[in-house]
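What follows is a structure written as structure tokens; I'll ask about it next.
Going in written order, the chains are labelled A, B and C, and every chain counts its residues from 1.
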Amino acid sequence: MSIHESARIGQDVELGEYVVVEEGVVIGNQVTIGHHCVIKAGTQIGDRTVIGDLTILGKKPGANRKMARKPAKDLPALFIEADVRIGSQVTVYAGSVIGSGVLIADHASIREQIVIGQDTILGRNVMVEPNTIIGSETTIQTSSYITADTVIEDQVFIGPCCSMSNDKYMASGKGHHRGPRIRRGARIGNNASLLPIEIGSQAVVGAGAVVTKDVVPGATVVGNPARQR
Amino acid sequence: MSIHESARIGQDVELGEYVVVEEGVVIGNQVTIGHHCVIKAGTQIGDRTVIGDLTILGKKPGANRKMARKPAKDLPALFIEADVRIGSQVTVYAGSVIGSGVLIADHASIREQIVIGQDTILGRNVMVEPNTIIGSETTIQTSSYITADTVIEDQVFIGPCCSMSNDKYMASGKGHHRGPRIRRGARIGNNASLLPIEIGSQAVVGAGAVVTKDVVPGATVVGNPARQR
Amino acid sequence: MSIHESARIGQDVELGEYVVVEEGVVIGNQVTIGHHCVIKAGTQIGDRTVIGDLTILGKKPGANRKMARKPAKDLPALFIEADVRIGSQVTVYAGSVIGSGVLIADHASIREQIVIGQDTILGRNVMVEPNTIIGSETTIQTSSYITADTVIEDQVFIGPCCSMSNDKYMASGKGHHRGPRIRRGARIGNNASLLPIEIGSQAVVGAGAVVTKDVVPGATVVGNPARQR
């Protein structure tokens, strides 16, 4: 293990082999951290949280010289509340807040400036882009992609392999970026594609649908382009 | 290296740097294990198997308090037969059986209670959910998603980025979960979406098709929704 | 750290904890390499390049006995030019060339015999298959899949979760493998599926489109199958 001398580690904490804990990290009581994890500078981890193996918490974003949208600087630390479960081979960035009871499964990657409400489930290999809000008791299944600047409310269900865009002009330089709005209780089928539209409360989007327009609350849409059924 | 004293390691085994081998692991002869791998308690690895770097074998499933379907407890150990090749950055769970000659490529993740037949290929970033059977000499290409409770027979070809659902009511609480049945020799094009239906033997599903009904043996279907051509 | 005595390491290089550097590696000046990285034999890394944590550079391909297309043998080393930024949990193979200023984001996997032009961005979880050319100043967004034998020219934009095929007969044994040709300045929407066709210069493919025929320069296509709009 390599534990920086400034790190504060609670009682009854289990640390795996070859763990790296950088400066200023704060780890609560009864936390479990798997083998080969990297806890980056300043990260805060709440009580009873469980982290798998080979996971990185608190990464800072980078950029290359071509990137149009530079990542935020001077981000606050990653803040993980109590009773969170994070899988193996995960990357979570600095500047995000992970609510109590959240599950983030293996191979997922969560960028900066994201807030995730309590008891929400993010499946394996889910990718979440920056500046996004995800509510409580929401489920996002395996391999789905949440674009930047998205709002997903409470008790939403997003099936596996869904995709979203926050730029209907596709990098043409027109318009600003805005992700989909997915309202409370909406359900999205597997491999659906969402443009920067709104999915109303309790609406249902069929598997494989390509949603190019707003969906009114309670409606069901299917097809490419998606139409009300 | 950190090798538990109860682990049994065969002859001519190569272990990389910083490998962690937990209690009760059994490793056959002429096995190669890459750097930073984690071999969890009880895992059994057959002769001549090759494991890449930064891979986890024998992980036990977890859950949060919201998850409707709790993972199985008291799983048997992960059992990997001889001559298997597993890539780098892979996670394979306890309670699964990986047949002789199987290839599991980098960044893939294989859950518990899965049986994979011999000489099958799972591409990079493939995600397989629990309680699923995959036959022999089947190919599942890069980034495809296999849902829970699925049956895939022998000599099936699944192209890249395919998606499946095991719940046609999308978490509404109606009905039970059942994944697709994909019969012998069927071929599925890239980015197809399958609902919980049956794809008959030797049938062909076109790229991007959204398959909402059973496909009879030998038929070809394309489109959204998929129709026979 | 485990640094092979034959490795040549430049000035002002930062190496993280538990890094493994194999034989014959050459690392330039002012390079940063994160914790738990594995730099495989012979890899060459240019000046000022930054590598995240838990990343593998220079992996050699493997195969199982069933695989129809065996990977190339006797590959040259991985060559990474100056000022490249590679994320965390990434795998890049031997026999590829990564141009100056390229960004490869977390969880991506880049196979062998690939050339990537300068200042190109590959998003998180992007998978690139062997024998592919990607131009300069091109962007490939999160979770997109680039098949083998593909040519992507300069200043192309590929949205998230796109998919490609290089085999229109799907492993039937007919025909040879050839990936899509995507010409300069083309733009592809999220979750589009491309068969082995050509997308003309400055053409636009809508989100979720399934492109089964060539697209002429400057045209816009949408739908399944994609038709000109």
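Observations, loosely collected:
In this section, a contact is a pair of C-beta atoms (placed from the backbone, for glycine too) under 8 Å apart; a residue touches a chain by one contact, two chains touch by 3 or more.
Computed from a predicted model, the values in this text were never measured in an experiment.
Taken as a graph of touching chains, this assembly is complete, with every chain in contact with every other.
At the interface between chain A and chain B, two copies of one sequence, fewer than half of the residue numbers in use appear on both sides, so the contact is built from largely different positions. Our note on geometry: chain A versus chain B, Cα centroid distance of 24 Å, whole angstroms. Residue positions of chain A touching 2 or more other chains: 18, 36, 54, 89, 107, 125, 143, 161, 191, 210, 224.
If you check the complex, the residues on chain B that touch chain A are 2, 18, 20, 36, 38, 54, 56, 59, 62-67, 89, 91, 107, 109, 125, 127, 129, 143, 145, 147, 161, 163-165, 170-172, 191, 193, 195, 210, 212, 224-225. Residue ranges on chain B touching chain C, taken from their complex, read 16-18, 34-36, 50, 52-54, 83, 85, 87-89, 101-103, 106-107, 119-121, 124-125, 137, 139, 142-143, 157, 159-161, 187-191, 204, 206-210, 222-224.
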